[in-house]
Amino acid sequence: MPVHAPVIVINYKVYPESVGPVAMELSRLCDEVARKAGASIVICPPVSDLFCIQQEVGIPVWGQAADAVEPGGRTGHVTLEMLSNAGAEGLLINHSERRLQIADIEWLLARARKFKLDTCVCTNNSAVSRACAALEPDFIAVEPPELIGGDISVTAADPDVVRGSVEEVRKVSPNVRVLCGAGVKDGKDVRKAIELGAKGVLLASGIVKARDKRAALMDLVSGLK
Amino acid sequence: MPVHAPVIVINYKVYPESVGPVAMELSRLCDEVARKAGASIVICPPVSDLFCIQQEVGIPVWGQAADAVEPGGRTGHVTLEMLSNAGAEGLLINHSERRLQIADIEWLLARARKFKLDTCVCTNNSAVSRACAALEPDFIAVEPPELIGGDISVTAADPDVVRGSVEEVRKVSPNVRVLCGAGVKDGKDVRKAIELGAKGVLLASGIVKARDKRAALMDLVSGLK
Amino acid sequence: MPVHAPVIVINYKVYPESVGPVAMELSRLCDEVARKAGASIVICPPVSDLFCIQQEVGIPVWGQAADAVEPGGRTGHVTLEMLSNAGAEGLLINHSERRLQIADIEWLLARARKFKLDTCVCTNNSAVSRACAALEPDFIAVEPPELIGGDISVTAADPDVVRGSVEEVRKVSPNVRVLCGAGVKDGKDVRKAIELGAKGVLLASGIVKARDKRAALMDLVSGLK
Amino acid sequence: MPVHAPVIVINYKVYPESVGPVAMELSRLCDEVARKAGASIVICPPVSDLFCIQQEVGIPVWGQAADAVEPGGRTGHVTLEMLSNAGAEGLLINHSERRLQIADIEWLLARARKFKLDTCVCTNNSAVSRACAALEPDFIAVEPPELIGGDISVTAADPDVVRGSVEEVRKVSPNVRVLCGAGVKDGKDVRKAIELGAKGVLLASGIVKARDKRAALMDLVSGLK
């Protein structure tokens, strides 16, 4: 089922605060906030927690990454089959911390369609957004690497990369929806993202490392309205 | 707890026959055979299935691989923390299909000790066995890559690489136990491995792709006596 | 200076027949044939031979690859500065045997423009051609990896990937010229490539491993007319 | 011919100060200082400059790195054949900025012997020094990555890693000579290295980025006595 936009995509990464029992707790919280606020939230837990989390929540659960390989004689890889089997409904592709070759991005997108997995390709600037949009993923998420994990939201630090990506993507593949990320933390950042033409945000530490995760989530979703 | 040797280590890889519900079924079978035959069996399922499987079986469950990174702002990685949290008691390192840099092997070994995870470093020949033994993992598993997934057991095709690894490892680090793998399929191969000085075998397709997995396992463990 | 099309781009790779003194000999031959036949030929020798060869020939000499890194504290890398300093006028990017991350392709293209280096991005199918064309290199060279080094020309084995790339690239970036490669060996293949809409060919073993290199080259350029 | 120890190995890296004509100038200077001071100096210029430099100097010229591949259908790789053809007498392997898989280090060492190329494997700590010494390169150069390019010499910042490497290497392979690097800049650092049991130093920025390169070199070699 297609993800409702505008959307907040939470990449758990592999922080101590996002692996194991605490990942389950965070997931239940996201699920509750999404329901109560009528907000569209997607969560991307570590692959080792994906199956159990997906059993417990109603919101879409995505993989953080997949390897561009067929099932078979491979060791330690994460295939689309593994994600799908574990209950994932989509995945991030080419995150800044897991960059892929262009041929592999295309391969994963073509195969993810067969599994009916939603796809979000991460990019670092408008030109790369344009190139990846030509491959027609469901989402492009532009995140300048130098702002990832930082304190200033991309919407304040570099609004042009958001506007530029929205514009470039529209020219090449008008159906692809653009998200933005890096430094996103609160409802104000989400509101600004939407004003710039984005259909939502991708974030990690802003929620995962927040002292009061419920308050941080509530603030975040307030920006969707 | 240290793994009892001689041991049979089964690397599930990511075959269609080793992901999801069929991985659980195979794991229960391995557990049952280990119990009934009093044999030492270790299983290495895909990371997405690890937690659920480890809940259901009594034999040791290992990860197939880990990335040499600390927990934190990383996307799509598999950390030692994730494996440990999911209930793994050990892991394969540097499998032929997931080769690592030497500095990363050393990092993983040093850190795995802190988590009390058993370690098995895979190698491709006697010289590399010797080098990796110098890092003092619990096991070295020598597997000539050209024989992996094939029909002829390393014990028949290249007994010298097993003998040579046993000898080289003994010189450098006498506590490290040597396994051998590639093409191993039945009790005869296991018996031959032990005659050559190995403390067990590492195998994948010989079990995972066997028509009658129970029969294949029973045959395999018969070689341990 | 822009490369004249239709063009024949010869990737020397690192065959015994294309390194050291024999590389110089082959280069002089290419230079002579280009001059005599009035044909546009570009050669891509190994980086260790590039400087000397470029001193001796009049045709454009390109690098086979570059790393997407700034000059500085890097060991064993090949920077655009090194290629430019050695006299290269262009380079291949993302060859099937040296695939790059999409962000690195974009980085290299942006920087190559500053050095006035011509660029040819290699791709594996029409979708990837379309994506890479969005980054506006000078050339796209589509080469299905399974045909590389083989006996059947892409123009015969898979004409649709050539036609498809020409079409997709035209839609996205009409200034980008499309080459095709894999299995190309003679004038007939070149002629067919041009009929399919390509502006030339990229080849390696067809020339490098030819018994009679002069005859092979003469045949090849005959297809340009 | 075997390198005379104690030795100073200068890794040019790919600084603006070490590519092209300035690399040639630096090489002539090293040659002159080595001759005048009767010092053993080895230089590692960028691969694109290697051939020309080696023609002009009498001291050994090494490659900065090689790929663990046979000659053949590979694009943009640097093979041992290319280095040997260009006149290199040795090479660095597994530099911190170009880490390799352990199987590839072993492959390169075995093949380098056939080409009579001297080898120096770089390591990051005593345990990795021990592991790599088991593969019997000519030299091990231990360089803690966090000190590379910095202002404090490894001999002052972490003398134990030098002592420890010397000791561990002696136990495993007494013929392997240990160098140390990272932050090394002057004769005092060289002298200290030798006191700690090293047979010389590996350095880069200390010479490449020195204002007065001749003075820096003269100071450096003074430490060999």
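Should a chain be cited, it is by its letter among A, B, C and D, assigned in written order, with residues numbered from 1 in that chain.
Please note the rule applied: contacts are C-beta pairs under 8 Å (C-beta built on N, C-alpha and C of every residue); 3 or more make two chains touch, one makes a residue touch a chain.
All values reported here derive from a predicted model rather than from experimental measurement.
Asks: Which chains make contact with chain A and with chain B at once?
Replies: Chains touching both chain A and chain B: none.
Asks: Taking each chain's centre as the mean of its CA atoms, which one is most distant from chain B?
Replies: C
Asks: Specify, for the interface formed by the sequence copies chain C and chain D, whether it is same or different in terms of residue numbers shared by both sides, with half as the dividing line.
Replies: On the two sides of the chain D and chain C interface, the residue numbers are mostly the same, over half being shared.
Asks: Using mean C-alpha positions as chain centres, tell me how far chain C is from chain D in Å, no decimals.
Replies: 34
Asks: Compute the distance, rounded to whole Å, between the mean C-alpha positions of chain B and chain C.
Replies: 44
Asks: Mind pulling the chain A residues that touch 2 or more other chains?
Replies: Residues: none.
Asks: Quick one: which chain pairs are touching?
Replies: The list of touching pairs comes to A-B, A-C, B-D, C-D.
Asks: Can you list the residues on chain D that touch chain C in the complex?
Replies: 11, 13-16, 19-20, 46-52, 63-66, 69, 71-79, 81-83, 85-86, 92, 95-98, 148-149, 204-205
Asks: Which residues, counting only chain D, touch chain B once they are in their complex?
Replies: So the residues of chain D touching chain B come out as 94, 99-106, 110, 123-125, 127-128, 130-135, 172.
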